[in-house]
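Listed next: structures, encoded as structure tokens.
Okay, so chain A shows up in both of these, paired with chain B first and chain C after.
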Partner chain A sequence: MTAGGFAHALDAVTRVRGVRGAMLVSAADGLIVADQLMEGIKGPAVAALAGSLANRLGRAMAAAGMGDSVFWHLQCTAGALLVVPAGSGVLVVAVTDPEVNVGLARLELLRAAEAVG
Partner chain B sequence: MTTRAVEAWTLEPLKRFVSEAAARLVLLMTPAGQVMAQHGFSRAVDVMSAAALGTAIMASTAELARQLEQPPFAALSHQGERHGIFLADLSTNRGRVVALVVYDVDVSSVGLVQLFFGQLVSDLQQASPTEGVPKQVLASDFERELSDSLNTLFGR
Partner chain C sequence: MADEVKVLSAELAQDPASLVFLRLGELLRQRGQLDPAHRVALNGLERHPHRADAHDLYARVLADKRDYERAFDEWDATLRIAPGHVGALKGLAFLYFKVGDIAQAVAHLETAQRHAPDDPSIAQAVALVRGGQPAAAASGLGIERVAPPTPASAAAAAPLDEARVFAGLEGAEEGLLLLDAAGRVLGGALRDPGGRDVSEPVAAYLAGVSQEAARTAKLLGLGTWNGLAAEARQGHLHLAQPSAEALLLVVRDRSVPMGRLAIIAQRAAQAAHRWLERQA
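Let's turn to the complex of A and B:
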């Protein structure tokens, strides 16, 4: 996939009301592959910490015999982090407001993950 | 794992970095290879080898950048199957410091190391004394200075 393709995959995610930014993150490295973020979001920090969390959660899921993780929703008082791991070791990450439509955002994240491969 | 420093002001920033970035080994040294602090090394010979190799890589990349008429490279990252290496330099009130970080890819990542390296830079800049000139090591004192440093670094 090209850089344009990555940007296109994120477009639909960022169009969901309440989504403040979306990123493709290399899970192993914690580095940003592509991003569309509103000003004020610390993209590299979110990417590094999401990558680290993916690694640990993956091991926890494996230890518990629950298979691969499909979707995470980390809900906080001022917003949420939604993550869908794509097959190629890339995480599709959305940073959202608290009142985001989680179902719609999840759907777009899953579509983006499928497009990224 | 022990964290020890020859230059006391480097100790707390280093401890914080090690804890946050989950680094396995860290060396802080001058561009000449004098070790200022270390974390995780158990043998003096390993510290000396890592310091010499790390500063040699920094010197090589700086010269490569000079040949390309570019400013020096900010950092070098090399990831292997189990471990990754991150090498970068930073500026403090006591001059330039080279940081060599080794991390387990199962526990940390280059993204995490880069993220918390930024904090380490800031912490070291704040902690570094503005007064006093660092003592220059003369050839005649080199062996004694090296021996003293290694004793401090390994708590002897």
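Let's turn to the complex of A and C:
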């Protein structure tokens, strides 16, 4: 997929009300592949931590016999981090306000993950 | 009032797709006719599954019937459709209050207050919840004619078996796991779908998750983390932090909705918190 394709995949995610920004992160090394983040968000650091969290969760879920991870949601007092692993080893990540419609954001993240491949 | 029920019933019979079921269901609920209210709310919800008020009505009826887990799911569904729905925010505040999570109860009430600043019952409920008066708070919110504690809430509040963290909770020996920051099992157990005990490897992989979640939340300016919900191909999990040094894992199959899993996790976290305090 081209850089334009990545940006297009993130567009629909960031259009959801309450989504502050979104990015594609390489799960293996925690590096940003593409991003549309609001100013002030420390993208590289967040990408690294999201990648590490995804790896730990993925291993724990595999050990528990739960199969592949589909979606996860870090709930915080002032917002949330939503993550969908795409098939290609890329994580689709969204940073949101507390009042975001999680169901809608999840749907757009799943679509973006499908588009990313 | 009986006449009003008759009028609304007739109106609904003439036009089953109309929204009059909302008024009828609420009227029946307020009269304590919970079985007919349940039927009206459920039929209405089947016709209007994307309508937030239909989920809210059904949740109110379920709460009156003390089916708190399903009420939670319905209010959760309401907020997915209409994130600022004041009735659902008040309802969830009530449920969080019931399980002793004052912070979440207040947070939901404050969100409700932002959406309905002129509603005096919300400010009153915030004060009552902070003051620990559940019956008065529930009454102020118009949620429930408060009933005696349910078996589930009584079990959660009862003293626990010293040796077993999650005694009395569903899934205590197969889907609830308490671990420390170093990935060591403190209590509970986890089994895979084949029935094998996988507590130790899962705990080991989750070591450090709490610190990473806290760092991620801090970097993003998201405050403090209070839960991590994850969906996998063959199950759902929820992580919570009953204390600064411990992590709680709840695992269920995919038939358990994420919203319900969150409330199960809240109960288990309270039990774990009490157990940890006794061990200190």
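Operating definition for what follows: the second predicted complex is superposed on the first by the 117 of 117 C-alpha atoms of A that agree within 3 Å, B and C clash if a C-alpha of one lies under 4 Å from a C-alpha of the other, contacts with A are read in each partner's own complex, and residues count from 1 in each chain.
Quick note on the criterion: a residue touches a chain if its C-beta (ideal position, glycine included) is under 8 Å from a C-beta of that chain, and two chains touch if they have at least 3 such contacts.
What you see is a predicted model, and the numbers here were worked out from it, not measured in a lab.
Of the two partner chains, chain C is the only one that A:60 touches; chain B does not reach it.
When the two complexes are overlaid on their common chain A, residue A:81 makes contact with chain C while staying clear of chain B.
A simple residue count on chain A separates chain B from chain C, and the partner touching more is C. Of the two partner chains placed by the overlay, neither chain B nor chain C lies in contact with A:91. By the touch criterion stated above, A:31 is placed in contact with chain B alone, chain C being left untouched.
Contacts of A:113 after superposition: neither chain B nor chain C is touched. Looking at the shared chain after the overlay, A:52 reaches both chain B and chain C.
After overlaying the two complexes on the shared chain, residue contacts for A:22 are found with neither chain B nor chain C. Once both structures are placed on chain A, chain A residues 45, 49, 52 are touched by chain B and, in the other complex, by chain C. By the touch criterion stated above, chain A contacts chain B in their complex at residues 25-26, 28-31, 44-45, 47-49, 51-52, 55. Put simply, chain B touches chain A in their complex at residues 79, 105-106, 108-112, 114-115. For chain C in complex with chain A, the touching residues are 80-81, 83-84, 107, 111, 190, 192-194, 196, 198, 201-202, 205-206, 208-209, 212-213, 215-217, 219-235, 237, 249, 251, 258. The residues of chain A lying in touch with chain C in their complex are 18, 40-42, 45-46, 49-50, 52-53, 56-57, 59-61, 63-81, 95, 98-104.
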